[in-house]
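Below is the structure I would like to discuss, written out as structure tokens.
Naming follows writing order (A, B, C and D), and every chain is counted from residue 1.
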């Protein structure tokens, strides 16, 4: 019952582990979003990729843990990507993953890379190739592919033919990648397609990545599973197979709710990070990209993203607190209650004081949310960002 | 194994039952719709309430079973509702249920009738009262209430206080109703709220309706349940309690997919209609409103609605074919397989010839879809409805 | 970020709240249990109701919070219930809720109180009445009714007729109750019935209890819901309606897994107890019975039950830590993030030191699990309870 | 609307397709089964492997489509498997798949091949190897492996270490197989393990089979998925990858309900068989094993199995009726409604007359259920099979 977190040696290990944790924030998380019923606009929302990057930089300055920002093309299309990268550097952040978007043109009504019409498929693949061009310009390592492709009605299209088309598109895109670039394939059970989805689960993504080659990896979005799916199992399995490439963190109670990570099931987030820590995957050498992918529909966006970064940090700190030797011993001896207790002891620890201390040692405010509110940034953007067109999904 | 449908006496009973079936189509089903990712616009979509009514009238002329059209306020707001009703009559249909909409104003970000802000609650209730005014003008019997109200995060608001506010709003609205008007309360598990929904399930709707009085009834939307929910149980329970007021028919594989009714699980639709038939609820005297509530995101809207009407007719015909005496005998004797076989015998019957015959006897084309395609209506509206603003959610 | 738990006034309030918490343990939780695939017998398991009570008394001596034990009839049938009650008193615990069991006779293959055969229904009702006789003898307040009744195949029986039969059985049983006795009706989505269940959800249980009268209340088993169900909503709703009678605590990842409460989703348990605390329902005057209903299939039973009691205590302590004023203020102002933060601040607090202190103040060991292991009780029962027939489901 | 089934050429194609369909029935389907709450014994249930085979032979004689019976070891352990095979041949059926059972010894409480204890793992692997010995004796082609292995509590064991152990066990077993033998790996989401399952989904089974080699294939049990899983997608994907080995047919509303195939969602069964037909997989050369895996807990077992065989036949007949050219044309043109209509036209056809005709042409009774009831077999076994121990799970 003595708090493990208070022992100095343990605390040092946790701090070293946390120092490795880098969370990428998404440019579109700073923009307006909503449901099919309504997008509630918020004051101060960015009107350009540069303003999104400025917001992301604020998050990084306050947390010290969010050094890069992911882009979504075409939402963040600019004329000069090198200039955008330079702007980001000036702000103190880097451009990260390039997220391709092939779901918002009218042409994509029946799919993009799996569309029955070869003309539409060509257009979609060309967009993916353009994204690699952008990666060359921004210096991004990862191309993240999520396809909304699927069907709404039984019989609408051939499941198998769509897999053939998907294979072709992935191959052409993969072959275009540079040596240090990766293709990250995301899966999702449903939405916007309501009968079949062409990459519905980790098995499908895994099979395609295996066929593509070593630079193709799977992305786990924590909101993209069927009810009851054990996500940490998938984490452990893909890590063991060398095929875990990235996370899209968020949380959900029902479907792809895109709430703040850790808000719906903080214990699940801890279990996921326990697998990460056990698998040594905080080490940047393993190349796992930790990203947020959230929609802050009703809460203020920047503090929501700060809170999300802190939630991942807290879960990681707890995972680092797990007494691995005691756990392994209990597991070996088949002591179910003792093994569970070792895990719960770490989870039940309040790691917030430790994180506050770590922030202070790094020259940060121990309470990033309070610091944000004191900074006046929110008032400033609400004042300044008037006129123009606020960014949103599709903007 | 002799097809029960072919016996003349049985066929007559089925025809009499079907003659009672009236399916209301929703004005917004003819308009553009989509997901949060994209609304794919379709050519020929109506630009006014009148054009929606015209489309609904086409569905009725071809099926003979869709004599009324539901309105959504404010989507179908006009200056003169009596004139709109007269226009509908001219077209051969009636105005039906008035659906209140309190989810698309910026004020409703944190709820409408359950909003913590009393000013917003007042505004929302005023809208509900306005809808009753409209009912007076249109001669509509039913006010359908669906609230998007809820919360996204634990702690965001008090679950209990929101119930108190809901009770107040429902009471004021109910008290405003005329003697022959009804309040129909709809429930939905989630979306757009992602943590709590203020009317999430039939139990909540039932409890409120019970408290309100005899003219408050529950609406079952077939897409609004948790996975695994047995909808026909709810139908049977509410019918027995005298509290089933209406259906919003559609179908779903995952969440509230709003696909064509009968497209995802035709056997479930049959089981629902079996409860309806068993409960005598096809009889208009019981006052159950059978409505479609669907989004035709990728398929052509008018033929999709015709197909949906036909799907309900086919499921009803099969339910009417169930040999009630044989079923009751098998149930009484505890013969599980025999009882199930009686039900399946009806389900497995191909009722399309019977329905074609019934249409011909009523002077309709036996194949309404083919008749629609031959009619040239689709080409005409695509040609004519150019310019103006196509109707959609929020339009 | 200053731990609220460390402020003396707050700690006192938490202690007073916790002092009200009484958790009933189930006699069958000490017995062998398993899945349909296998029951793994454990050494030292009780062979009689007395030995179950002895185990329950150990849990109470170590936790100070489990002063009563629920019985399951016929599993705990004895000749002299007054003697059994006296034995319990000697051991330092009381006999609690009587749980009726009408699912393990061959007669109940097609149901008990809803069986199509009136003879079987009579037998089942007679068993319920016998349970009330037992309550008279044991001085128990509550009769808990869970029915496995339902059907496996569409058509097997009439949903509505089964409701009629259920109504009759409940009425006769309710009318037999004494003035200070209650009927507690439990619901469950599925298992062992796989198509319909006659009391599948809280709405059904609520409607029956409402019809029965004020001494009929609903029991929430935390493992008996469809995926995605918001249990705390049901808690708040039933509390508001004065119809929440009892909890069967346990936890689940998939179906009715019957794992230790708090093991699968500790945050959900906290949210449930937050509603309890908000509704003032820790107060014994409200009469909510807090019971465990778990199966310790692979873990040692007594320490698993101690751990479960502690899990409920920890969740309750956190719920008591919620700053109600700050929460209400944030809710009123519509500050989503602030309101959520107030709740999470309490949840993230490590309450174990406070609970250890509370135990010591009550003369208990601060670490009940360690105290159990030191006590030698487990070794003693494994040595002593040899021969005879170990209790289990159906034993 | 002209019934496609009535056209002679179409009917011939359907009959040829159906002639290829062979459904294996499971020996344990004839035995007693139940839920964790109760096993309801039925009169006439077999008391030996021979009596199970005799029942299976009756099903084949009446349906002409169930020529083999699967064994479960140790439930069907005999001294002389060659003699058992000869007995089966005499009865007119063959012995089919050997199903290994490593979940009912006390040793397997914490797992079999993934148990932390190497001694238990050795024992489990030895059982798998023994099963291959049995295959050599019976001439069986397939070894079906389903593991109940998993954990109930977070932390209980290392997810990754269990995968390592699983890999070892599968490898040793695979290497023992003869050239014409196959390893069929089954997956299941949960039950009896309630936190992790070591082979929870098709992705895990697929990855292991890929690593093992060409004679390792995946088995799809239609009741083993998370809610909302699109099973026909998995069928199409595994067929395309050459890794679909077998089906365990049954149906479910909630979890692994093990009801009669086609009883819960006949449209889903049709969609699955549509993928089979589209993939040419009725052809025995593809080696897909079609098996039932059901529990007839409350319905009479032999007619339930006959009904199940007929349900698969009916779904297959409908799938064979799909007008593949019209479907492909509609899909190519992007006509969503037309493509769906082609599929639904086949589904809505009543294929029972065609199947009755096919049976008569094969010298069978057109109504196998009626023929069974007339045969007196049920009365005979109820009379004869008295005394001895009725077979059941674990018997």
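Throughout what follows, contacts are C-beta pairs under 8 Å (C-beta built on N, C-alpha and C of every residue); 3 or more make two chains touch, one makes a residue touch a chain.
Molecules present, by chain and UniProt name: A, B, C, D = L-rhamnose isomerase.
Since we're looking at a predicted model, the values are computed, not measured.
Note on connectivity: the fewest chain-to-chain touch steps from chain B to chain D number 1. Across A-D and A-B, it is A-D that has more C-beta pairs touching. With centres set at the average Cα position, the gap from chain A to chain B is 38 Å. Counting only residues that touch two or more partner chains, chain B has 110, 152-154, 189-190, 195, 227-228, 230, 253-254, 263, 267, 298-299, 336-337, 340-341.
Of all residues in chain C, those touching chain A in their complex are 1, 3, 227-228, 230, 253-254, 263, 265-268, 298-300, 303-304, 307, 314, 336-337, 340-341, 347-350, 352-353, 356, 366-367, 369. Chain A meets chain B in the complex at residues 33-38, 40-41, 103-104, 106, 108-110, 148, 152-154, 189-192, 194-195, 227, 252-255, 257, 259-260, 263-264, 297-299, 393-394.
The touching residues of chain A, counted against chain D in their complex, run 110, 116-117, 152-161, 163-164, 189-190, 195-197, 200-204, 206-207, 210, 225-230, 232-234, 236-237, 239-241, 267, 271, 275, 278-279, 327-328, 330-334, 336-337, 339-344.
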